[in-house]
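In this document, chain identifiers A, B and C correspond to the written order of the chains, with residue numbering beginning at 1 in each.
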Amino acid sequence: MTDAISISNAQLRFGETAALDGVSLAIPQGTCFGIVGESGSGKTTLMRAVLGLQKLDQGEIRILGNPLVHSRAALKQRASFIQPIFQDPAASLSPRSRIRTLMNEVGTVLREPHAAMHERLRVILNRLGLPPGVIDKYPHEISGGQARRVAIARALLMKPSILIADEPTAGLDVSVQGDLLNLLQDIRRSDNITLVVISHNLAIVRLIAENAVVMRAGKVVEGGEVGSLFKSPREAYTRELLAAWPGVTQSKPTG
Amino acid sequence: MAISLRNLSVDYSLPQGTAHALRGVSLDIEKGELLGLVGESGSGKSTVAFALMGLLANNAKVTSGTATIDGKSFDLTKRNATAALRGRGMAMIFQDPMMSLNPVFTIGTQLCEVLRRRSPGSDRKARVGMAEDALDKVKLSNPRRRMNQYPHELSGGMRQRVVIAMALLSEPALLIADEPTTALDVTVEAQIMREIIGLRDRIGCAVLLITHSLGLVTEYCDRLSVLYAGERLESGTVRQVQRQPGHPYTRMLFDCEVPIDRERQADASENRFTVISGDLPDPRRRPPGCIFNGRCDVSFDDCAVINPGDYPVGNEAEHRARCLRLATP
Amino acid sequence: MSGLVATLKRICSERDGRLGLAFTCLILVFALVGPLVSPDPNAIDIKARFAPPGVMHLLGTDNLGRDLMARTSVGTRYALTLAVMIVVISSVIGSLIGIVAGIAGGWVDRAVTAVFDIVNAFPPLILAFALIALYGKGSATFVLLVTVVFIPQFGRMARARAQTLRTLSFIEAERMLAVHPVTIVVRHYLPNVAGPIIVLASMNLPVVIAFEASLSFLGFGVQPPKSSLGTLIKDGFISINQSWWPTVAAALVLAIATLGATLLGEALRRVIDPKSAGVR
């Protein structure tokens, strides 16, 4: 089977910064892939390159086997199967539009009957623990975590076969985070989608991803199957991350 | 400074009706203390911060509440009640870093502006030096170059650190940090918390830390308050709450935490995350009885009718929770 | 709707805003109601030349005995209509051009910026004379001229805003959904550019009113027998030895109109665009 996303030797510089410095990776279809790494290591840049929002200086990206093309027609075609969830929750919702308008745009793009789209939306909002009333609000009238979930709901509404989520759980409380991750896992299984999760939360990457890579300064420094990756990390940075984990578990209440 | 917030209630008016975002919330932060504020997403944590800062949205109304800051009382129902304290006295790290960053100015300009406001007489060179220093403290690589970059040229985590540096530079008496480290990995997070604690030790400021990370609270905070659907359900020192959560919600929240050493199972259905099932109550109509009723795993008949008071947990006066199970029969 | 009420409330919360709003309302009432309650502005009555203000003629009469109340209010109405029309047309065209340039970047952007620079390189009055030489005097030329002169201002501001907006994730999110580009411009760029544009427009109103008055004063604006604030001041100025009333009345109206619009514009800017005013 062709890989959902394959990247070979991606290079990109912003002035003196090498945001991507020879990144190569392959993400098999229908799997969950984790990308972790230091802040500023190029995770978001990599995602933007895969989405076609950022041209590479060098290297090649293939999506479902086809090379990435930067044209409007190609972008439109890609929208139907690959969707992002951006890192900045509130900033990814257009501030002067009601959430209902934003959701209806998806219906227009998909040419889906209004009622059917809203029925699907209702189910998704419910699973994400959002009250149905949120769709009549403006983005600044909802909380940070609600904005994150609205953005996720919108991406899911597109029924993508590849979902790239940049820090999907940041700003969510542990219970809502659990709801979201369970939902993503369910959708992944029922619709066989490929899930790419960028996160600094190693605990959740460890649980939902099959494979993961660790990035640092624009390079992939180590990668592989999560079990072995986290059990015996080779890189000092990965070990540091695991060691610095603030735990509530050791002194967890008994009873 | 010591701050005590009493009986804060905030309504948001919407076409569909009035949403009661906060109902009678009280908090106390002593001078030099770190108070952690946790709670479900949408429970009103940011609203507490905005009310203190006097930055509530246009459709918000404070229906009751007073803030006592160093012995001086402010009636929060009045517009601009705490305006005098904003600049020098209080600083806030917003949940969304782009809220405090202006996309059209460089990082350097914005940091220097903070310093200029703090001490208008200071020398420009010195300000630039201090700003670079602050970026270095939050572990931002190559501070000199960052100074000339625009917000969109930075990664999400870098933006967040710039905003933290800005808040640290303003040397506030009360620092409100709303999810300051969501985009940062644990090593950087630890460094940032060290800086915040360093600032507290140096100038004795009070810190209100709003976060979803229970790990962060238990490692760094002195006391903890739990908010749920606009009501404060529990408060106490971190040790007390950790040892014996007084409220079922707090206990369930701790149970949802994903331990770092939990391993992935081959069978995908084994990798479920623990959640608190059920929904938040409608903010427009508060149901009678306990606000957590319906999601609580130890509820009983009275919970649907009696609204619990704030009962002490165990023998500790400071540790209180609003659960009927604590009421002495 | 509630946004409008809230904006008005906040404008009224400071002195300058209240003053600006009051002046603007005063002028609006004068321009709208004035012509209804006074006689025909062009009716000549030689016997009543240079009449002082009185019951018959609230503001007196001019050298031909025409009622000045009528002429000034019609002139004000005319000046306001022109100004609003010009500002609306130039801000809409300017925003659209600016947004497109900001989004497209590359040579489109460079070309648009170059044209803006060329237009702005000429002092407006020189440009005015050139256009008048080409198209002749009259209000159509005037509208065209001032519209062209004002487009670059709006265009530049819209372009700068569009460039920052383009880097924000919500625009990228729209693009990733393959929402139609026209929808993106209309629904997601325009409303976010609108705030500062409205502010700029309201601050330009008095400039246009004064510009119109000065052109008309020089004889290149409105042609007789129509009246505008500029021609009124000029006509009054010619016969200032016989009667100082006409000049002062028209000049006063001009002053109140520009002052009111300026104060209101400033207040609006403080409300809509608090960042630029140094708040926060």
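We adopt the following convention: a contact is a pair of C-beta atoms (placed from the backbone, for glycine too) under 8 Å apart; a residue touches a chain by one contact, two chains touch by 3 or more.
Chain labels with UniProt names: A = ABC transporter family protein; B = Peptide/nickel transport system ATP-binding protein; C = Peptide/nickel transport system permease protein.
Being a predicted model, the structure only gives us computed values, none of them experimental.
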item	value
Per Cα centroids, the chain farthest from chain A	C
Pair of chains joined by more contacts [C-beta pairs], A-C or B-C	A-C
For chain A paired with chain B, centre-to-centre distance based on mean C-alpha positions, whole Å	25
Centre-to-centre distance between chain C and chain A (centres being mean Cα positions), rounded to whole Å	49
Chain B residues counted as touching two or more neighbouring chains	59, 98
Sites on chain C at which at least two other chains make contact	168
Per-residue multi-chain contacts in chain A, two or more chains	87-88, 91
Residues of chain A touching chain C in the complex	48, 51, 53, 72, 75-76, 78-80, 83-84, 86-88, 91-97, 101, 105-106, 108-109, 151, 154, 158
Residue numbers on chain C that touch chain B, as the complex places them	2, 6, 160, 164, 167-168, 275
Of chain A, residues touching chain B in the complex	14, 16, 36-40, 43-45, 87-91, 129, 131, 133, 136-137, 140-146, 149, 166-167, 170-179, 181-182, 185, 189, 200-204, 206-210, 226-227, 240-242, 244-249, 251-253
In the complex, chain B residues that touch chain A	12, 14-16, 38-42, 45-46, 57, 59, 95-99, 141, 145, 153-158, 161, 178-179, 182-190, 212-216, 218-219, 242-245, 251-254, 256-264, 268, 271-276, 279-280, 282
Residues of chain C that touch chain A when the two form their complex	168-179, 181, 183, 187-188, 191-192
